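In order of appearance the chains are A, B, C and D, and numbering begins at 1 in each one.
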Amino acid sequence: MPDYIEDLEKWQSEFSHSYPVTVRFSETDAFGHLNNTVSFVYFEQGRINFFKDIGFGEEWFAKGGEGIPVTADLHCDYKRQVFFDENLEVHVKVAGIGNSSIDLHYLITNEAGKVCMTGRGRMVQVSRTSGKPLSWSKAALEKLEASQAIAG
Amino acid sequence: MPDYIEDLEKWQSEFSHSYPVTVRFSETDAFGHLNNTVSFVYFEQGRINFFKDIGFGEEWFAKGGEGIPVTADLHCDYKRQVFFDENLEVHVKVAGIGNSSIDLHYLITNEAGKVCMTGRGRMVQVSRTSGKPLSWSKAALEKLEASQAIAG
Amino acid sequence: MPDYIEDLEKWQSEFSHSYPVTVRFSETDAFGHLNNTVSFVYFEQGRINFFKDIGFGEEWFAKGGEGIPVTADLHCDYKRQVFFDENLEVHVKVAGIGNSSIDLHYLITNEAGKVCMTGRGRMVQVSRTSGKPLSWSKAALEKLEASQAIAG
Amino acid sequence: MPDYIEDLEKWQSEFSHSYPVTVRFSETDAFGHLNNTVSFVYFEQGRINFFKDIGFGEEWFAKGGEGIPVTADLHCDYKRQVFFDENLEVHVKVAGIGNSSIDLHYLITNEAGKVCMTGRGRMVQVSRTSGKPLSWSKAALEKLEASQAIAG
């Protein structure tokens, strides 16, 4: 078990947002399965959809927004092979909230609900002008915390 | 033979710029060979290196440059399968010069010198401010024509 | 107008299969729009979904199938820039049927129904064992022709 | 500092294999820099080149080889933004050897020698036939250990 998961069943139950993705043929490799680099593409897609869902789009992606999201680290554990044309779900949750950063957790499941990949990564809000970390506004904090309340 | 190649031998002899690329594992697919979408990645890489070689970097990629390159169309003919770890050469030449556009031709060969893909595509110089086609400057025209002279 | 489109309105009306795709952030590039190489990823995704829809999955993708699909050529015309998070539709149709090949046409539209890219490409059915072109079976021909009848 | 690096200077000095890669335009994103998912493509490319350099190609990539490499996990820490056309070096080393697995460490530096990304990941040798972990042969162990001796 990766060190960011204490109790797999509890950990899984805390995801309340998920996004479908179907494995493209161009995402497979000559071993016949999904290339390992693509899970990070799915994480990014899930993360951005999650931000939109919890109302983070305005701060980060609108022109003129002060803060921009920077990836500090990313991690993926590969549990089960995934093949062309499988219908997956990318689950995303906020696992921790810092002053100007968040720890996001990821779970990719297949149609049978089996765990294919788990992962995590820290995002930092950085000022577009100074390049320095930018503390969450009160409104942003409320949105992040609300996303956790729904899940719990 | 594609309609942009009249005489394959002559056509091949007119390339004087080429760039090496080795097939990555992540670029293969479950059929065991290079995925067909990747040849356009190689074309782009070759095209940009070609622009730098003939001195086009300043106009197009420097900040504040007036013109930006826009892809009008792209074409690829697949002649020979390519596999993981093959060492390829991406050849690029200017096949035609318009008022604000160029027709580029591409050739990808393997280590044995065999033709793997051929292709072509038109690039248009567009004004960053107006979004309209922007005629070549005299200096740019000279660079484009010089690249053809070297090849001939 | 590209030479594979005689009458744009008529050409557009002949598509009866389309598949949604949303532009991923990782598919944009530093010019701020969809990288030109990605339209071929969308074409492939549309093509494979189209094959499944018209019942071609069994012949080509099942283990032990005699024929495999080989891309002979691919072409894309770029008509309108596409940006992160746009919801596109990838339309696919059979535009011509050869002895062992088909000519597929592609159309990518945005949410407003505007044409973003058009394209075409020839696929050849090749024998897995001999590597030579393999004529369509009567059943396959009927499926290809049926897909055209629906569209017309 | 990530937990897999105790002393950065010592850690850096233990890499003896590195591979050049130049950032492609198609690998940038609309934030103007290298998309975060691409560092794993560079890790894979470095890893495979490393395996070839230390003589692992025969076991793993030859047809009929008994063992195949499976990625158990992957991690990347992003230290410095990377932009289009930068010339990077991907450094790879064996940081730990298990019964049927290895822990690989990665370092990506720019032309000035600055650290851009660090990372790690565990690979497991799995039997092609049983799908179970396959212990290293004595010859494989010797190659893995030799790669560490050179570095030290």
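By our rule, a contact is a pair of C-beta atoms (placed from the backbone, for glycine too) under 8 Å apart; a residue touches a chain by one contact, two chains touch by 3 or more.
Just so it is clear, the structure is predicted and the values come from calculations on it, not from any experiment.
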Identify the chain pair with more contacting C-beta pairs: A-D or A-B. A-D
Comparing centres built from CA atoms, which chain ends up most distant from chain C? D
Per the C-alpha centroid definition, the whole-Å distance linking chain A and chain D comes out as 24
Quick one: report the Å distance separating chain A from chain C, using the average Cα coordinate of each chain. 31
Measure off the straight-line distance from the CA centroid of chain A to the CA centroid of chain B, and report it in whole Å. 37
Multi-partner residues in chain A (2 or more other chains touched) are 25-26, 35, 37, 41, 44, 84
Quick check: in the complex, which residue numbers of chain C touch chain B? 2, 31, 35-38, 40-41, 44, 68, 70-78
Note which residues of chain D are touching chain C in the complex, please. 25-26, 28-30, 32-33, 35, 37, 83-84
If you look only at chain B, which of its residues touch chain D in the complex? 24-26, 41, 44-45, 48, 61, 84-85
